[in-house]
Each structure stands twice: as structure tokens, then as C-alpha cells.
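The first chain written gets the first letter, and so on, giving A, B and C; residue counts start at 1 in each chain.
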């Protein structure tokens, strides 16, 4: 077990995840590539079925084993994570790469006290026990905003949703991971509590130089917390860029349509809502012969159905998968 | 979702498709059908008489003339196993039918109304559950005259009347949960009457569970009947009775193994088939197993 | 269109549950009026009682005290038979699209049932009416022979809406109907609800926790906190200048897509309705609390009228705003 020295970057290359059952096969994730530099917060955004959760689960090998087939490469620094034997992967999980999930209700074992769950992590990865472990736990809980000893002895059902999520964050950070994967951690929390958790995550990232892969469907949350954004649709990346730029001026019609169909609390009357017609495409096992968004795209034109566009650079730091000229994107469709 | 080029399939049809993919269940169903057909049709068609005694040919081991051998009174065991099977299967089915009828009605009402009604009704069930089961069955049996005791009616009444308790509990639990499901609340909101809600919305969604448990109840009823036969209280001719007779003649000198083995094998295979079918049904109707 | 008579009037409604060793005051003294043609949003965080209130109004939760009147007639605390007579006036749509349709019914049966029950169709023309309904919610009429499991969440919500519309109600309560849907589908449903409202002159009580949706769809908003309404205002006034400290904190906490928000998050947890704080329920978290706050419960005090209306309201004059804070006394 190597000691984490300098922080490593996470490199995902050509990640594809297919689920094969007797009836059909589905390419849930298709050729996804991205990097997360140390200290960066990258948002992974999309609606249900876009593949964002499957992507994040595959990084730690947590995808459904029976039907799932993963190809590509996922590297933490120099170390390849994909295909790592279970015994090795276990050493990475919770240690160098941690994950927190959406539902604080089911993320903690209802039969174990907080100190037992935190203690398990410390013992497993750092060989810490007894007083030293307890000290570390208390420190960590304090950092996530749960000061005091009483909470250590509590069972999850005695804690509120927000507090449970804080405990999960504490558990994830005990071993000072280099990368934290957060899968919609605030979606099930109240707005005022969500605000606290987002602040907490922002602060912790700064203090520890940790990178975060933040999965969400909420563009507002992503705008607040993330440095960069990756937009996914139908299992592939359709646009990436720095969050402020991307949300201010999207260069892919899907991102644009998503923004236009989100009610904006800061605009008078909630802004104008333009729903995206139709439904997301049904994923199959075959490669696409046209742009995945063509059927619903307000900017669809000649050439969109001739083949899937490649992910290309449209501006410094901006990638997108679309043939519509950038200048066209600057005016309404 | 929304692939509307595919044919329309109701949830029951989907479940049926899942069921036929389950090899154990299909095998069980085939075996059970074969046995049922044999037990019902063969004696009828071939005019076989299970009570035809030929004392001179008693206790013969299996041969080409008597496939399963003969018993202490020279009766053809093969015929007796078939006819006995008819009885056992009928008892199993009839008792289960009684318990389903009574249990479902009782449990549905208790679960639907909940609250005090439910409490009162379930207290009764709890009370009856507490009574020693066999004791009750024997009591009921003894209420019938000596002559009537060999008949089927008292037996399946007795068995059915005690088995309904389990079915009532199961149905009550299911109905209690379903009652709070949003589509049931929606029906209530639309102004549907209680009867309509229960019959058209709740029960169709409980049928799956009922069918599964009924299928798994039949084997246990058959075994219970066998036990009654052991006590001398069962139906005159059933597998259980045959097994009981077979055990009675076991002695260290001559083992009349065929008297015990054949009815036991048939009994065992039937129970196995029913269990496979029941398991298959449960898996097929499990809503989590989506196509 | 001036119509000062309210369609729905709720008076001091309380819904208390006996739990464990105490009382859970889910709804504790809620009072408001709903006027024909408008959309009133009920907004709040967990435990505020908005869903409990909605279910109480349709008889799915028992009332502890207080009342509600629809068209002048009492709809709470009445027998189930009496309740059934109001079913064609008041409907509720649920949040979970996967639980609100009977899996054993075809769509035609699901939509046919209310039509037949309330005499809106006969056996002869029910199919035609079902097709009509499906058209109104933007679904292909061929789909009526299919079963719910073949539909997406958004489509199922459309079917639920169609089912509610079948009885031709005057008031539709939408209980978090878009919360389980993706953003783009949510937009479709909100659009649908708005157009249906225009076509049929419906009134909505819209329950949600999403303030963006509120600003888009509601004419007036009631902000709830631990079982009570703390602010009742027309939408634009609430968002431009919230009066109650909780509303202010709520609006400050929302992450925005554009423009930085100087968020100073509210401290503390959302209190449980089983153990509400004394006096003003917000005082433990309120940045502007003073000595009076823990001792006394503030009433709803009227606020000054807005200078100019935001989105055009169905009725003029706009009902006066209210806020439950001593600062507004």
C-alpha cells in the first residue's frame, strides 16, 4: 500500500460500459474520456440514463458485475484501476479514491454506531485503533461540522439527513483521498441544508487539495461548486468546459436546451421555459449512426444524421460533439 | 422505455413468459400434469379396481404382471397408487381451495379496513393459530361418524379450515401495504366505492402472491393428510394411507419394500413438482424482475 | 376578471398525529384562500407540512381541528359518502409516477374509470372520450391499450394528469408532481399544466420544494415552516423582496446558474414537527431574532401592497401579502 505523496490526477480514457442481458445489450457509457487534475472540482451533468452514475461507479469497480462489461482505461496517477484484482481495488476504495452517494438514508449501516463505521475505515486502511483512531474521528467530525463526542455513539436513525451526509463525507475523507467522487450528494437534502453541505465541500477541497468528481443534474449546484463541467447525453460526452463559460454560453444544443428548460429562480417569472420535445433515445448495443440528440435538437440540420460527430475542440478549453458552427450557437436557433 | 413497436403485454402475460423460461417450473408442471392425467384417466379408461382382492397373490414383489407388486390382500399396488393419487391430489386441491376462499376474503377485509376492524379480526386468527393444529384437525374429524370418516369431505374440510389462517395473514399483509399505494389512493380520490377499490384495484395485485402460496400450500396439505392417515384418520385410499400401510408391515425378516417405496416416490415427486412450480411462480411474479 | 369569492378557503387547519410519546404537529394552524383561476404554490422544506396539508384537503389524512371549504361547502371532517360528492370538484395528483397507476389496468381502463364513475361518458362513447383526454395531455391515442410499465416517468405523469382532468375538477392539487422527473421532462409537464389551466380555467394548489418552479408557475406563494405559513405573497414580491427572515434565508441558499450568490448558509437543522421550538419556530436559526421571539408566537401580519404587479394575476386587487414575523408587525 503506497503512501499518497504528491497528489495524482485521474485519467479516464475511452471508457465504455455495456450491460448485456439475455434480451438486449445496452451501451450505457460510450467512449468517455476526461481528466481531473489535483485540486479540481469537475461536474458531471446530465439527465437520467445519460450514463453519469455508471461512469462514476466504474471508476471504483462498483458497477453491476453480472451484466456489466467495462473497457478502456482509468488511471490514478500511473496506476491503472480498470481490471485491478479485487484485493488491490479494495485498498484504493475509501483510501485513495472515496465515494459518497445520494441517499443518506441507505448509505450508512443502520445497525452500527457512527464510531464503529468510521472506525472500520481507519482500521482497514490505516491500521489505526483505539485512542488514536478516536482522536482522528473526532477531528474529522469537527471538520465536517459535527463537533462533540455524543454523535460518535449515535446510530444513523438518530441523525438528520444533513448530518448523515456529513458523516458520510467524514467517512470518505478519513484517509485523505486524492479523489472524492460525489454522486448527487445533495439531491435528497433540503435547500438550506444543501447550502451548508456545498459550502463544506468547497472548504474541504481548498484545505486538502483534493479533487472532486461531482455528479448532478442540478445546473445551479454545478455552477456554484465546480471549476469545470462535463455534459453527458445518451452515454457520451457532448460538451466540456469551464463552468462559468459553459453555462453562460453553451456550445452544444443539448446544453443550451437544458439551460433553457430549467426554471431560473433568479429571473423574473422564472425565465422562459422551453421544454425539449420527445424522449431521450433508447440505448442499444450498437454504435450510433447519427448524432444522439438529432431527434430532439432545435438546431438540427443537414449532416446531423450522417454519422455521429466526434468530440472536438471548439475554443480553448472547450470540447463539444456537434457540427453546428460556433458562430451559429451565439444566436438563438 | 416507450418502445411501442412491441406487442402489448399485460403484466400477467409478462409473468407467464418469465415462468416458461424457468426450467424447473416447466419440468415440474409437466411431471405434475403427467401424474395427474395418469391417476385420473388410467383407472377410468382401463377400468381398474383398486379393491380387487386376490388373497392368493398377496405380497408379491414387482413383476411384469404386477408392476408395483401386490399388498397383503393381493391387491395390485400400481392401481392402488394411481387411485390413491387421485385422492391425494383432490384432497390437496380441494383443501387449498377452501382455505384460499376463506382466507382471502377474511384477510382482504381485515387489511382493507385496517384499524380496529383489522385488530379484532387478527386477534381471532392469532387465537386460532395458538391452538394445537393437529388437535383441532383430529377434533373435527372425530365429529363425523365412524362411517363418514373414510370419506374425503371431512378431511378436506378439516384441513382447509385450519390452513386458511396462514392465507388470511398473508393476504391481510399484502392488502395492508397495497391500500396505501398511490394508485389505490387515486382510485379512492376518484370516488370509487370501497367494494370496487378492493375488487378491481387491490385484489388483482394480490393474486400473484395468492397463487404462489396456494401452490406451495397444496404439498403441505397432502403431507398433512398423509399424517392423518398414519393416525388412522385419513381418507380410505390415499398415498398417505398406502405409505402408512407400507410402514406397518416392515419387519426384519421380510421387507416388502415395494409397498413403501412406490407410494413414497409418487408422493415425493408430486411435492417436488409443486415446489418447483411455486418457486417459479414466485420468481415470475416478482415485480423486481423486469424484462 | 374580478371575483373576490374564494374557491377554496382554509381556516385554522390543524393536523396532529399521535406518535410515540408525543404529538407531531404536522400542520398547525394554516389559513389561506385560493381564488378561481390562480396558482398558489405551497413551498417549504421537509417537515413543513405541505404534503400533509394537501392530503388532508382531499380526505386522505384526518383533520384534528379547523376546516376547509370548497365553494362554500365544507370538505373536511365530513363522512366518506359526503366526501365522494366533492370528488368531481377537487382532485390530487401524486409525486411518484411509478406508484400512481394501477399496473394491471390498461391506460384506457385507468382513464375510463373516472369517466364512467362520474357520468362523463357512457360505455358507448368512453373510448372516444379517452382518446380526447390523451390528446389533451399530448399523448398518442394508440397508447391507450398499453400498460403502465411501458411508459416513462413523464408519460405516466401525463396519464395521471389526464385521469384527474377526466372528472372535470375545479381545483387541482399537484403534490410535487415534477420532483421525480428530469429537468427537460419537468419543463414539458409544467408547460402542459399551464396550458390546461388556461383552457379549462382551472385553479391549482401547487406543492413543491423547488423555488425555480415556483417562480415560473405560481401567481402567489405560501412559504411554510414547521407546520405553519410564515409568508403568503404574490410571487414577484416574494422573490424581489422577501419579508420573512426564513424566506430570505431560503432564497439566499439556492444555488444559481448565473450570477454569483453571496450565500451565507443558514445554520442549524430543520426542526422536527414533533418538537417545534417555542414561540416563533424560526427563532433558533434566525439571524434577526430578539428577546420576544422565543416567548411569543407571531401572527400573520399584513404587508404593504406591492407597487406594481409582477406576472398578471387572475384577480385584481391582488390579495394582501402576509408575514409571520414581529418585524412586520
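Simple rule for what comes next: contacts are C-beta pairs under 8 Å (C-beta built on N, C-alpha and C of every residue); 3 or more make two chains touch, one makes a residue touch a chain.
Here the structure is a predicted model, which is why all the values come from computation and not from measurement.
The largest tally of C-beta contacts between two chains is found for A-C. At the far end from subunit C, in terms of centres built from Cα atoms, lies B. With centres set at the average Cα position, the gap from subunit B to subunit C is 51 Å.
Separating the centre of subunit A from that of subunit C, both taken as means of CA atoms, is a distance of 32 Å.
Among the residues of subunit B, those touching two or more other chains are numbered 1-3.
Each of the following residues of subunit A touches two or more other chains: 279.
Those residues of subunit C in touch with two or more other chains are numbered 152.
Residues 47-48, 160-163, 190-196, 198-199, 217-221, 223-225, 247-248, 257-259, 261-271, 273-277, 279 of subunit A touch subunit C in their complex. Touching subunit A in their complex are the following residues of subunit C: 45-46, 152, 154, 182-188, 190-191, 209-217, 235-236, 239, 249-259, 261, 263, 265-267, 269-270, 310-311. Subunit B contributes residues 1-4, 8-12, 14, 181-192, 201, 204-205, 287, 290 to its touches with subunit C in the complex.
Subunit C contributes residues 58, 60, 84, 87-88, 91-92, 94, 96, 99-104, 106, 113-114, 117-118, 140, 142-143, 145-147, 149-152, 155, 160, 163, 167 to its touches with subunit B in the complex.
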